[in-house]
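You will see two complexes here that share chain A, one where it goes with chain B and one where it goes with chain C.
Right after this comes the complex of A and B.
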């Protein structure tokens, strides 16, 4: 019974991690800022569900609280702030990123392959049922970094940062069945504060340059 | 001997059911759009009409124009010999595997594109170039998406892949399995000319991909090409149904098992037809420059499927 439970836990956690990674890669495919926010919302919802699954199978009831806080913060509060900021700024599509869409999709695939190669020693040494999802979590961190590097609009970079943070939370959930509750709440508070500061910055960039294209920041040199 | 008879019966089944499948999708789309629609067996009448009509050819067309429909049709029929439709153990199993299926499909596409170029019309050239753009990214994705399953089964033989998934039902919620299904579904839409890549019902030449290549064809040539397109759709649906959800496929050659397999195949194809009809009604055609992006996404999904099957064994 325990063995079957383990197999089911392993399948579910790997499936959940794949869906979370899929939403992260979908971020590279869509162009409008509204769809980025939607992808982030769905990703965080699936991540909260994954925390519930890990808490149920790993017999750690603190993770239920973490899942609830994560849901409230990243599915309800932050997307609402992002949508409001986007409404104030005006609709701008990510039309010309530094790397075009088709190439960035292929590079994302290669990044996940790289993540698999990098985490091979960890996966082979670990005995946890969730070890199959570890490469996917590292892959999500890489994809989040990639979004920050190759996108021009400041709001996209903010969403990329939030996706990166999701990747770290996913790694914590799968690798160590979550981190102590106090630390997790501290991380959430940090993310919220960082996000609010970034919001203020994006608003000021918009009012100074009349666009959130970070290429325009070059004008500060002259 | 019964094996070879069964093989022939399977090919004849594919030939007879394929136009009905196309008719079913059209009828479902009509119903979803609140129209009455032609009955699902309308394509059979269309084929009969076309076979009776005279062939009108351009003066600039060469032997390629006359031969291409036969090559396209026979390559599609050849694939139906080696894919598992009703039974997983075929006598032609050792003749072709996954790689042969991909190459036979590409052979048909290649000759169709050449035939589009042959008469020297503008629309034929446009259709051929668009088709090659789509095929260049879609063909490796077909192979990769099924390769993920092949790695798990330890063989690229399609029958053995079906048997492996039947023996291990819990493998269906593997991420490799699901990602492979998603990738093959997107590629199926691209290769058979369905929305969002190509509108099969369009009459505007500027939006055509598949239709533009066959614009010059008439009479029995057009009938063969339309039938081959229907068989290709049937092949992709059967691959999706039998490789990823193989329950119902006969593993023994008893009449009861074969009957259940036939019924299961029809049900699975009908469900897939409904899914495609819903999708086509719901979404609009993608602009042409965004098609490589969608196919790039399906390629990445197939790559992730192979990676997760390979590195999580």
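Right after this comes the complex of A and C.
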């Protein structure tokens, strides 16, 4: 029975991780800012569900609290702010990113492969049923980084950062069944505050530059 | 009762922030209260240092021993609190004349004090998770202050700062999680697993490959905040656009705190790997930072950016020292202290120059010695100090660095470092010359305004000269204790 449980747990967690990663890659494929926010919202919802699954199978009830806070913060609060921000600024689409869609998707695939290579020692060490999803978590971190580097709209960069944080939370969930609760809550607080600050700055950028193209942020030279 | 010292350390900045928040609109007496309150943490830090130097056990405090003050923490605490006092003493809004509105000043004082509190939590945290939270908090609080005046340049600088540093910090968190992962795989989950002494004790049994990967994330992550190349791109912008006191704290102290985080992890990873892995990484990145900084200094046209590049140069030197074994660690920590005294002074003086000349271009500043003799003189002295000339302290620490490099068997590396330092030397001297001499522009008021204000900076110079001529025994004891913590043979 325990073995069946383990197998089910393993499959559910890998499935969940794959869906989370998929939503991250969706950022590279869609072009409208509203769809980025939606992708992040769904990703966070699946991630919260994943925390519930890990909490249930891993017998750690603190993770239920983490899941609730995660859901409240990243599915309800932050996407609402993001949508409002996007509506106020009025920018609809990510025009031409530094790397086009097709190349981005190929590179995303390569990044996930790279993540598999890099995490081989980590996966082989773990005895947890969730270890199959670890490369996907690292892959999501890389994809988040890629979004930040190659996208031109400041708002997209903010979403990329939030996706990066999701990747790290996924890593913590799958690798260690979460981190000590007090640290987890501190992290959430930091993410919330960091997000609020970034949000304020997107407004500032819009009002000083009349655009949120980070291309225009080139005043500072030698 | 040494445990209560933690409260004296951490509570005053929070109180100061609360006061600044509550008093609306901002009034100058708030600024003065903040400056005076910042003397209490300075006293607490010195008390910790004395306690540790006397050979006592490192005191702890808080649930789960959240806070701990060993030699390394004590040194950083002294650096942070002394720079904080200087920064708050020179903050805008203390003396009537200012270009900022009361709203901006209120925001400034609240954020600065929260920033100081966060740095102090970071260096006294015993738990690497709390360390991470505090370092992230410093990014957030300082980001409120950088664009105090909402110019295009300030907004650009702040955006780069918050984005690059948050990404960096997120990567550092991934590294923290990986380290925790390794511990958990070995010993199962534990509430105090992220406590540094616990990690250190378990370290020899942790897995090398995982800790290698974790350290890469940690170095890139915290290295972003420390201004280590190639993650330094936010630094010249942010440090030059921020108000002078914040730049003083960021350059003098925040870089040191991020380096401190790297050092804490280095000790753990070294105990696992028992090889030169971390040393090699630090040497490589340190050299790269020095290289980029030296050549950027040559091209610098803005004197605040010039100071920022100098900070990158010195962070590079500290990294190099950390990669060179016990002698190098001694040199690096001494250098960290010297830099934390010299750099804030430079930024404060640069602020005064900006206030008078209304420009940050080196070419448009001339005749500084005629226009503001005391400011100009101190500025010159500080630049000579930062170049590494005797009789200032940085000469001693750089000399110690070279000694460590040769002892560790890296003569070619030290040759390269020497060459790069020479490049930086020439660049800084020539920029300084342009600024000090020559005819001042028309219509510039001559003579110091409220010259008495810069009196505390003479104290900074005195400290630098003392450190350059002698090595006080308590300091040597402290540094030796730190080396014992940091560079286990």
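The rule is simple: the second predicted complex is superposed on the first by the 217 of 222 C-alpha atoms of A that agree within 3 Å, B and C clash if a C-alpha of one lies under 4 Å from a C-alpha of the other, contacts with A are read in each partner's own complex, and residues count from 1 in each chain.
FYI, a residue touches a chain if its C-beta (ideal position, glycine included) is under 8 Å from a C-beta of that chain, and two chains touch if they have at least 3 such contacts.
Just so you know, these numbers come straight off a predicted model, no measurement behind them.
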item	value
Superposed partners chain B and chain C on chain A - clash or fit	fit
First (chain B), second (chain C), both or neither touched by A:217	second
Which of chain B and chain C A:179 touches, first, second, both or neither	second
Partner chain in contact with A:112 - chain B first, chain C second, else both or neither	first
Chain B versus chain C as contact partner of A:87, first or second or both or neither	neither
Comparing the two partners chain B and chain C, which touches a greater set of residues in chain A	C
First, second, both or neither for A:68, with chain B first and chain C second	neither
Included angle at chain A between vectors to chain C and chain B, based on C-alpha centres and rounded to the nearest 10 degrees	150
First (chain B), second (chain C), both or neither touched by A:132	first
Touched partner set for A:77, first chain B, second chain C, both or neither	neither
Lowest inter-chain C-alpha distance for chain C and chain B in the superposed arrangement, angstrom	18
Residues on chain C engaged by chain A in the complex (per definition of touch)	127, 129-130, 132-133, 136-137, 139-140, 143-144, 147, 150-153, 155-160, 162-163, 166-167, 170-171, 173-174, 177-178, 180-182, 184-185, 189, 191, 193-194, 207, 209-210, 213, 236-237, 240-241, 296, 299-302, 305
Complex interface listing, chain A residues touching chain B	7, 11-12, 14-15, 17-18, 21-22, 25, 29, 101-102, 105-106, 108-109, 112-113, 116, 120, 123, 132, 135
Contact set on chain B toward chain A in their complex	170, 173-175, 178-179, 292-294, 296-297, 299-301, 303-304, 307-308, 311-312
Complex contact set, residues of chain A against chain C	118-119, 121-122, 125-127, 138, 141, 145, 148, 154, 157, 161, 164-165, 167-168, 171-172, 175-177, 179-180, 182-183, 186-187, 189-190, 193-194, 197-198, 201, 204-205, 207-209, 214, 217-220, 222
